[in-house]
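Next, two complexes with subunit A in common: one pairs it with subunit B, the other with subunit C.
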Partner chain A sequence: MSVVYSFFSGWVDRSGASIGGRLPGYLMALMGVVAMMVLAASPAHADVPNAVPPKGEHQGKHVEQPIEFPHDIHANVNKINCMYCHTYARRSKVAGIPPTSKCMGCHMVIATDKPRIKKLTEYWEKREPPRWKKVHDVPDFVHFTHEKHLKRFVFDNQGMEVEKVSEVCAFCHGEVKKMTVAEKVKPLNMGFCARCHEANKGPFDCWKCHK
Partner chain B sequence: MSLNNILTNWSRYRKGAEEGGFHEYEHQWGMVVDLNKCIGCNACSVACYAENNLPVVGEARYAKSQFMSWMRIERYWDEPDLEPYQASPTANVDVWIETNPPAGKTALKPSMPGSYAEGLLEPGGQGFEERVGVFGTKGEMQDFGASFLPMMCQQCHAATCEPVCPVAATYHTPDGLNAQVYNRCIGSRYCSNNCPYRLRYFNFWSYYEDAWPEPLHMQLNPDLAVRDKGVMEKCTFCVQRIRVAKDEAKMENRKVRDGEFATACVQTCPTGALVFGDLQDPESRVSKLWRFHQVEQGKTKQNKQNKELRGYRILEGLNTDPSVMYLERVREV
Partner chain C sequence: MSGNNVNRRDFLKILGWGGVGVAVAGCDRPTTVTLEEGKEEVVAYLQPEEYVIPGVGVWFASTCQQCPAGCGVHGRVREGRVLKMEGNPDSPINYGKLCQMGQAGLQGHYNPDRLKKPLLRKGGALTEVSWEEAMAQLDQKVGIASGLNGERFAWFTGTVSGHQSVLLSAHLASMGSKNHFVHEVINDAVVRAVNQDMLGEAAPRYLLDQAKVVLSFGADFVGAGASPVYFANSYAKFRTATPRGVLIQVEPKMTLTGGSADLWVAIRPGTEGVLALGIANYLTTNGVDASGLPESLRALISGYGPDKVSKITGVSADRVARIAALLKDRSPSLVLAGASAEGHAHGYQSVAAITLLNILLGNVGKTIVPSGASQFPQMEAKPGNTRDLLAFANAAEQKALDVVFFHGANPVYTAPAALGLAEKIKNIPFKVAFSCFPDETAMSADLVLPILSAHEDWGTHMGVYQPEQKSISIQQPLMEPIYPDSKGFGDLLLVMLKARKVTGFDGFEDYYAYLKSAFAALPASVKGDAVSDEDFWGKTLQKGIVKVATVGGSLSTKAIEINLPEFKEDSSRPYHLVPSARLGMWDGRHANLPWLQEAPDQISKVVWTSWVEVHPQTAAKLGVKEGDFIKVASEHGAVEAQVYIYKGVHPDVIAVPMGQGHEEYGRYAKGRGVNPLKVLAPATDAKTGELALYATRVTATHAGRRELLVKLMGNETQLGRKMVATVKAEVFNRTEGGKDVA
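The block that comes next holds the complex of A and B.
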């Protein structure tokens, strides 16, 4: 039986049965204040030094992909660096979708019996790329480069390890390593960008981003 | 906060201009147009259409001045009182526009509608004789004496368009450029009415609907938005190229080199009449030319030591402080 504390019903076990009295109100308020202070002092992305992660949540529509690509198995279980597949992120505007040959580089031998890999092999043998759909899209009048953001937050960032690049990616893409196919969980609108640019002292000229 | 940012920058530049020039720019992109070298071929204008996703609006809209050429060649006639060119009666010419054609030749009536696009200009084709009067060498135009003036946004440092915008969609960038933010623009057209050069163009229609029928839409430049109806637009000095050059320089931790990139018109000009560069870099070609011709920024009248120098800025007496210097054409006297 695991015991958790609920703000509303005091100490409860997982089944919801109360096993202790509710704490007095002033203590709850104090705990709330302490919790807020702790949250403020230690941002969710404590692994990225010299950076204030952007704030904002968004519930994007689920985008159906030709193959339900499991980001969680690749990035979380097998700890593959984001930039291994999205290799263009460090040197161009777009992060890029890896070519099927990159997938097949591993999946010629790894997990060939899984249904998703069989589907991938089918594409490979047909010499046809899977038509991946874009999830994180910004309007046409917005100029965004992955290259410069990675330079600022990863490569030119004192004390930042390249292995932890997924924490930087998560600023705008959310915890992709907990997802299968990518979902849009950040708003990616002007307020979202502008607040982050303000907090991290990014450029603030209209024509830096608008085209 | 962002609005505050715009207003602060804006007033800073404006005040700087009033006090004899704001000099804290990162860059100061400028241009030199040598009218001696300009042959009026319109290649710059075509390049601009291709680079900046400019729609071709068609004759009817063109006639209403709803065209979108950010870079246009204005044509002036040197000697309008010149006698019409008289070819010798024995010249081997089939069509004549003069009122008194030589014996055996027919006279043509000018100002008939027609266009090259309609394919009606083939000699012997239907209506050729009437139509050639408009476009032919001996139509309403003189045979010689034309001079050309390429006009792109002058990127004024004391731009008259900026203070009148009700939503701050046009403002001055730290690069010394006069910027237009399309998604901020509400289409009040104050800026266009306040521009002494008439170099701002308004999207009266959703031109993208018919300007690039499939598969022509594939040629659109992805570095630039395709503008919709109700938005003002103008020459940006190819800001997308500036942006790429600056990004590359920043990635390599260096300054932007002179001549590393050029705007589309400068790149295309077959005679090299246009020169583009950073006026803040004293070694750039542009600033050398400005110095040589003794043209200075922040002045309403240039104080030239040598009157023979050709440099001038268009309408600088209005205190617009443009970034484009023109070199006067040398004429035969």
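The block that comes next holds the complex of A and C.
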């Protein structure tokens, strides 16, 4: 039986039946104020309906990558959908770094004179994918799946336009379309995950993430 | 608390919330395990296969190579790594199931002690060399220009089958030699010989699920047997049938099968044949028609009356009568013989007496039916034995061999010390080991060629026991080779065949090309609904199994003369040594797999080491407690290991498990426990020449030191916790028909 705490009825199980006493009044009041402060600080997100974006910041560092890949040119200037390159995100637990063949699909003909593309072409001709540095990760004991999150916030989300998927990606990855190479700007720790799950009524059992 | 308004209940609640607050705050702290940005690399595919989705596993069919049973497997592959094995449901051997050894195959594949480069003995020590140098050395010794006389060349392997066997035979023929030694310690060679002589087929099909009673003389069919997963499946059907099948196991040391039996009977080692004749005596004197048997056999049976049998075997006359009555009343039954009946100088005779029971009880044709041969006899498994080990040791001693190739067998480890094999093979000037691991045989070879693991290589296999549906099981790589400097066994065979200028192999670039062409050449009847050769090959790889036709297959019943010796006790060496085998360590080949070292022995629950199993009475006589080191000495050597006291051994028996005591074989196996095979007497079965594994007499003495014996279960009792439910005998008799059992 999964048990959640409701502000209004104390501890309840999933069927909504109250299974325990309520907190003393003064604690309830205190928590109410905290909740209001939290809500006031987070207006409903304009572009993603039925979602409360997670809160939390992280001062990520700039990671030197083999190629200074410009997410801004791709996602912001040229408005390429995130899932065009990170095509595994909706099918798998990992979003996947696009295979080199995908890059070359366009860059055989586009911007071939640019230094970064020349470097990419070198990799391609050597038949060697670039060795990217990992920026976003969760520990091995955490089961995180992109597929389920995209299902909840994009594909099964009434009123959500797939074209705006980058707003959902931004929940955890920040505004990547304003960056060149990705930087970690969200903490991606348990508090961050748990608060979002609470706000968006995500699954809250331990084993959902710690399988 | 009484001084303010917070009552005890509220206080506990606040305390509780305080705890949660701390926990939530803890969650927000950056943890040490969260990976720091930019520390790890993530490499994308250059150009992925269409079906590849990172994070999603794809299952490929292959064949398990952990024992000769040849179970079909599926391997889960993700991001180019094989991560999990399961049984292939299309396999007519294991029907989608897999044992612990199959699961642990992954640890052989990812083993840190795998050989990475060819090794050549230079000035006494094995030194890493390039493949060019290794192959040049090989060509110098066995190439056409070497002038090697064919009969002085030999292959020494474990069980081989499929196209590897075909190529190996072709290579042997190209060398002009017939010397192929096939060695397995865990084998059923004596039973096969008896079956061939009495039933007309070496490995008939046993319909365990049709039998109402199974009487097994040491046949560990669900454990260390010919095809454990196949028989486990049959056994499950036998036990869930109505009425439920009854299993009686007679053996000197409880095996996994014995542990599952309804009635386990301890018997004095070597007297299994006497018990069988005692049962035959009861049957013939209680109305079972023996008129079909020759006069001499009837006379022999009448000589084994209850008192004599009870005296020799140590099984009470009453119990013999009750077992015999059960067999007579519940037909059809099935009587099986296994390692503990086979492993004596008169093993063949004992097994013949046991097989005679099947004839008397009319089981042949009911629970023992023909199995036939496959339509491709050249691909059938060559079952291993110990006779070839002895023949090989003899050939080495006679200096009859110049070059020997080893593959899939580790005779330096498995040979009893009394054979002196480690010394004798020094007479062979050039020994080549095709191996994944630095085992004892590889380390005493002159050239070691690192081969691909079973999960990286191509091959085809036929299980050593295929009673129901003959099939070829495909072995395909589940991932790219971990060590680029290792080569496929089939590829190497092909290279050697080309070097010997054997016609018909030039066109094949590698073993894959050969296999693909061989499958295209199979007759249309095998190819089913495939529309083209390419389609058939694709379907074969997808399914993993190609079913082939059975030819022949008929059983006869021929009673042969049985000649059991007088049984003598040996007061100077009062105990019988049982080198017990189990599903897990097997013959020692799995000692380098930590999962199997960690998996407790099914009977003693001991992990990671050897132990000596003794009966409580014997332990009292020797004055030893669990954990005491005990010295078990035969005429040919001694081993020392810790005592484990258990009622599942005959009081005259000292059981030491096989599998440990490696002197080489990597970090997990080396220097751990003892190898009971080393102290065996080199006695053989008089008829078949098989090594008599259970015929060694030993003394046992306290070695004067003790240590905690590490086992999973610290206690033999449930301490009243009712972890395993029990019923009283009278309840069992009333509800389960138990009164018929014992």
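Simple rule for what comes next: the second predicted complex is superposed on the first by the 165 of 211 C-alpha atoms of A that agree within 3 Å, B and C clash if a C-alpha of one lies under 4 Å from a C-alpha of the other, contacts with A are read in each partner's own complex, and residues count from 1 in each chain.
Keep this in mind: contacts are C-beta pairs under 8 Å (C-beta built on N, C-alpha and C of every residue); 3 or more make two chains touch, one makes a residue touch a chain.
Worth saying up front: this structure is predicted, and the values here are computed from it rather than measured.
With subunit A as the common reference, subunit B cannot sit beside subunit C without a clash. When both complexes are overlaid on chain A, the residue A:K151 reaches subunit B alone and has no touch with subunit C.
A simple residue count on subunit A separates subunit B from subunit C, and the partner touching more is C.
Once the two complexes are laid over each other on the shared chain, residue contacts for A:A194 go to subunit B and to subunit C alike. Once chain A of one complex is fitted onto chain A of the other, the partner contacts of A:E161 are absent, as it touches neither subunit B nor subunit C. Of the two partner chains, subunit B is the only one that A:D205 touches; subunit C does not reach it. In the three-chain superposition, subunit C clashes with subunit B only at 117-125, the remaining stretches of 27-35, 117-125 or 279-287 being clear.
In the superposition on the C-alpha atoms of chain A, the part of subunit A touched by subunit B in one complex and by subunit C in the other spans residues 139, 141, 190, 194.
For subunit C in complex with subunit A, the touching residues are 9-10, 13-14, 17, 24, 27-31, 33-35, 37-48, 53-56. Across the complex, subunit C is touched by residues 21, 23-24, 27, 56, 60-61, 63-64, 88, 91-94, 96-101, 124, 127-139, 141, 183-184, 187-192, 194 of subunit A.
Interface residues of subunit A facing subunit B in the complex, by the touch rule stated above, are 139-141, 143, 145, 147-148, 151, 190, 194, 198, 204-208, 210-211.
Every residue of subunit B that touches subunit A in the complex is listed here, in rising order: 1-2, 5-6, 9, 171, 173-175, 177, 179, 181-184, 223-226, 239-240, 243, 247, 250-251.
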